[in-house]
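This report refers to the structure that appears directly beneath it.
In order of appearance the chains are A, B, C, D and E, and numbering begins at 1 in each one.
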């Protein structure tokens, strides 16, 4: 087990743990925006960790460059996707309630 | 996989069903990867998850989101399904086990592709060589299928003058989704570049006409979503698409006819180039180009037609 | 050039379709389509002569030998089918110009002709190919173009009919795909001749049996075998007249051709009819189809639906011939295939003339048409008589051959069924004739015959109907040659 | 012949049956199309799992790799996927037209409208 | 002009005549001329065929070859020539009568009437001279289809209903029973050619032969054997000339002719003799005779009564054919001719009475003899011929029938003949009595004399023929002897 593979397993472990948390967060948060926050933010970080871990496995080959490009692409697209989701929800009038249990205020 | 499929069937909310279908095809693409079917995974992800989800969304916008609870007795379909399932399971008993190298499947026709395609056609990606050359006629048929679909949809919901430029809700106000516009302005060229990469990289790694066509189309579909139908129509007018789609099929067919005129059988690329292998390269390149042309223009045309129909409603 | 004829017959319509779609004016597209139809007819004749001279023709596409590349094989059976397809299309396309111009908008006509060409290319492709998967691809081409064409009917019910046909058709194609997949898993090849060679070794496995069942069910859906025919009546009734005529005369026949090709060449008679009680199954379904469909047809009051139901019944005849599992039965089935195509083509064209003049083909609009449109109604009566199987018509020839085969095989149930079904056919044909000729109608005393452009093709098919009823060298001779080639000494 | 090797097929069959059930049981036209896509994707799995070889690499010729999985099913499935999408696209176009012509996309309502029309 | 061309002419002449009628439909007088001309030409052809036959020159004329091995072909043989002569001769007379009738009734669609007549006759000739079962079946169907417009000529509702039953029963029996029978014969015997002495000898077991014979007898709906007879009274809605020629001569005789030919040329008399179950069909024919005569007794409408009497008389011929003795076969042929002449006279009279006095019911015929002496005289001769009284042809044929029955001492047939003769007398003689000896109860609307001259002339000619046949039956018997000596 060279140290590179050890690092890779560590990174991949962390990434998958994060994803598990995101999943749980998605289920347990009370309303849309909280769930969205959990999924989106964690999603980007977990993806970065995964790609870094894979990069270690591949070592200094063309594969790693490709992984880097994928990471770059993901960094662009997933936050934008979350933004689009949030914006669509907001435009269509969904408001998060002030306190848990209170009916959401009428759209402004 | 199974769970997603079951949930897709059970849910009443069709929007959820479509999204889950997208997830389902992404998962199946993953499964294809596990089963070493690289090209198939690529196509399934691009075509299955990408285009069909968008088309379904358009259809849903037109036809309402929720489904009525089924009133008819459910036991008859269940019976039929169980019967067919039982027949199939009964049928698989004598099938050779999955993955065993000794299966008849690997003995008869496939070995030749694996051993000789390197020499005869000279490209590493065996799937593309089989797709374009050995069984090139199938792919011509397939391109014709794509063209028929585009023609059929055009016949059904095409030829309609768009009344008003009501673009989909997202781009209603120019400044509204600034972030999306900025990001997409950056992304679209990258996607196009990637599409071209896939097109010409088809012989070495996974990729080829279909996937490239869809990726090129998806770049413009993003543009259509974000900037609205009118701007996109200025860049790529519908009439151009209606010319490009048939042109792709003709290009494909034409390559075959060229081989015919130069003395070989139809779709025989050997006489095309100076050396037989060179001919194969040229043939496959042209054929893949034809496929990409038809697929991208048809997919984009579909989105135009659906967008126009939805906007009109 | 003639060496490539075997491929050109499919390639011409296939490549002409995109050209037709590019055409600006409808007439240019129509001219291209008709030219292609006529050249396909000449190619079909040329191929027929070649097959009779040299026996089975083979053409390796892309230069790769058989099991690796895709191979086109043409035997007497395929040549007969291609001739039927080409002849019917060549007769119907000139007719389509005026009928489509009145039923569809101008803007859509080039696309319409492109779809027709694709349909013809798909059907010809199925008949020409010798590769099981290639059949699936061309099956999809023809089906997709059929869905689009049916949906262009004026009545809004054409849409639901097209949708139902899409669902059932795709299910059928996928079942066929499963069947071919299982066969591929067992033998490792897709080429039909190669499959036939390698199948007996693995014939007694359960997978082979399931494959046979799935292929039969899949094709059953496509050829509207009795329990799986739900899509046909609406699809034929509400599609534009030209589409109905072309479909009725060719589409279901090609599916039956594929079934015959699988049962006789690939599975081999003894396996298909021995291992699984296919003969009994097909026989029962065919007889049921004949009787029930004819009975329903009698009660229809929309003449196009009436003929659609009668098509389901006539398919039952052909299936019954196939179910006799004998060479003579096969010859009778193939003969009925060709004859039924001619009969239905003529009948639907006659109906198209009426639809052209009055916009619909309900029984009430037909009242008193005997005097108002004498030539069209005369064509309809001739077609109707041929349907019933009155002597000196093509229908009688196939009924006679079917009776011979049934009696030779001692299948008494079939003789009774044929008699009963032709009586029912008499009932529904005569219902129409009586309304047309004897019920005087107030509003329609003026002569309003359809224009020559519509009448000529109709009468061309009717004359073919009568001529081939007398001089059966072409139809009967070819059918028997094909059956002998397939069934070996079974005849 | 260990039946273990066949569990792969059984999952595929289960998926097929789910798809088939959706096509037959559900009345909503779009749901039928979704069911159809499920059914077809499952069939693709059948083909691909036939061509799979343990320990074989993807059918891209590269040095040092001897055992490849069978490329032929991959080609067939490439064609079948595109055919599937083409059919779905045409189906969706029909759904849009039916929605405009009838105002509903539920099979039972359509039948009722047809029968009394 | 070889014999073969004569055969061909028998088919071509009526069709050609039909075409010229179409061309001349604007000039009624010219068209009627053509009708008579065609009838005369056809009769001449029939005579020519007879002459050729007598000189022993009976070639096989092959028309077409729809199925390998079974050509559509014509050949002259004794029974066929007789029927051809009968049909064409009586067509000549009927055409004269029909022109008078249609003119008097000022019927519409006269051209269509004559054209269908011509086609029907072509069909009849085809049936007569067919060389094999297939040709016979083809012409049989042509006969059915061409007579349909004639029966439905009036175009009103009950004409349509009558025509519908007419067509459905005839086509049902022909496609449902006759076609399978022919196919089965082809499968069993390998050929459907008419060969004297039978084709099936030794090739079919007793059960199969009986079943096949039953199929043939019941399949030939035109012979109106009991279960399939309902179409004949239903066809009475047709105008009288149609009923006269077709339902007295062409159509019904074609049916009976087919059965006789099948018995003689397909089964062969001695092969059938060996089958005990064949007796069943004799009983069936006997039953038909008695039942039809009883029903005829109660009919008030003149034409329906004649229809039921025709059913009875037809079964005479079927009975005779199935007796399988030489004399009975000759009796069958003779009865065909005698009945034709007698019945056509009766139908002509019915038409004349309808045209002149527009009376159709038997009860209205009181004292009509004084007003229409010639017509009723002809009626009496026809009636006597039906009953079989000596000076008429009916007697001759009945004589041969009884002789035939004696030949194989078949007592049931004798009983049937006696009873039916009594019944015939019971329903014909009162009419004669009513016409001549009863005072006129119902005053006719118009003070009418005889019917128009062409009609009266026609019915007198046929009445004369009935008498002539009694005295000069020798040529007919000689012709038929050729038929019987051969087995």
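By our rule, contacts are C-beta pairs under 8 Å (C-beta built on N, C-alpha and C of every residue); 3 or more make two chains touch, one makes a residue touch a chain.
Given the structure is predicted, the values throughout are model-derived calculations rather than measurements.
Shared contact partners of subunit B and subunit D, listed by label: C. Chain C has the Cα centre that lies closest to the mean of all protein Cα atoms in view. Centroid distances built from C-alpha atoms place A farthest away from subunit E.
Centre to centre, using the average C-alpha position, subunit A and subunit C are separated by 57 Å. Averaging C-alpha coordinates per chain places the centre of subunit B 31 Å away from that of subunit C.
Distance between chain centres (mean CA atoms), subunit A to subunit B: 28 Å. Here the CA centre of subunit B is 75 Å from the CA centre of subunit E. Touching of two or more other chains is recorded for residues 133, 137, 140, 144, 147-148, 151, 178, 184-185, 190 of subunit C.
Shared interface positions of subunit A, i.e. residues touching 2 or more other chains, are not present. Those residues of subunit D in touch with two or more other chains are numbered 20, 29, 50, 72-73, 76, 79, 83, 86-87, 90, 94-95, 97. Per the contact rule defined earlier, chains pair up in contact as A-B, B-C, B-D, C-D, C-E.
Those residues of subunit C that touch subunit D in the shared complex are 133, 136-137, 140, 144, 147-148, 151, 156-157, 159-160, 162-163, 166-167, 170-171, 174, 177-178, 181, 184-185, 190. Against subunit B, in their complex, subunit C makes its touches with residues 4, 7, 11, 14-15, 17-19, 21-22, 59-64, 67-70, 105, 107-108, 111-112, 114-115, 118, 121, 125, 133-134, 137-138, 140-141, 144-145, 147-148, 151-152, 178, 182, 184-190, 194, 198, 202, 205-211, 213-214. Residues of subunit D touching subunit C in their complex: 20, 23, 29, 32, 36, 39-40, 43, 46-47, 50, 72-73, 76, 79-80, 83, 86-87, 90-91, 94-95, 97-98, 101-102, 110, 114, 117. Residues of subunit B that touch subunit C in their complex: 87-88, 90-96, 103-110, 112-113, 133-138, 140-142, 144-145, 147-149, 151-156, 158-159, 242-243, 245-247, 249-250, 253, 256-257, 259-260, 264-270.
Listing the residues of subunit B that touch subunit A in their complex gives 169-170, 177, 179-180, 183, 186-187, 190.
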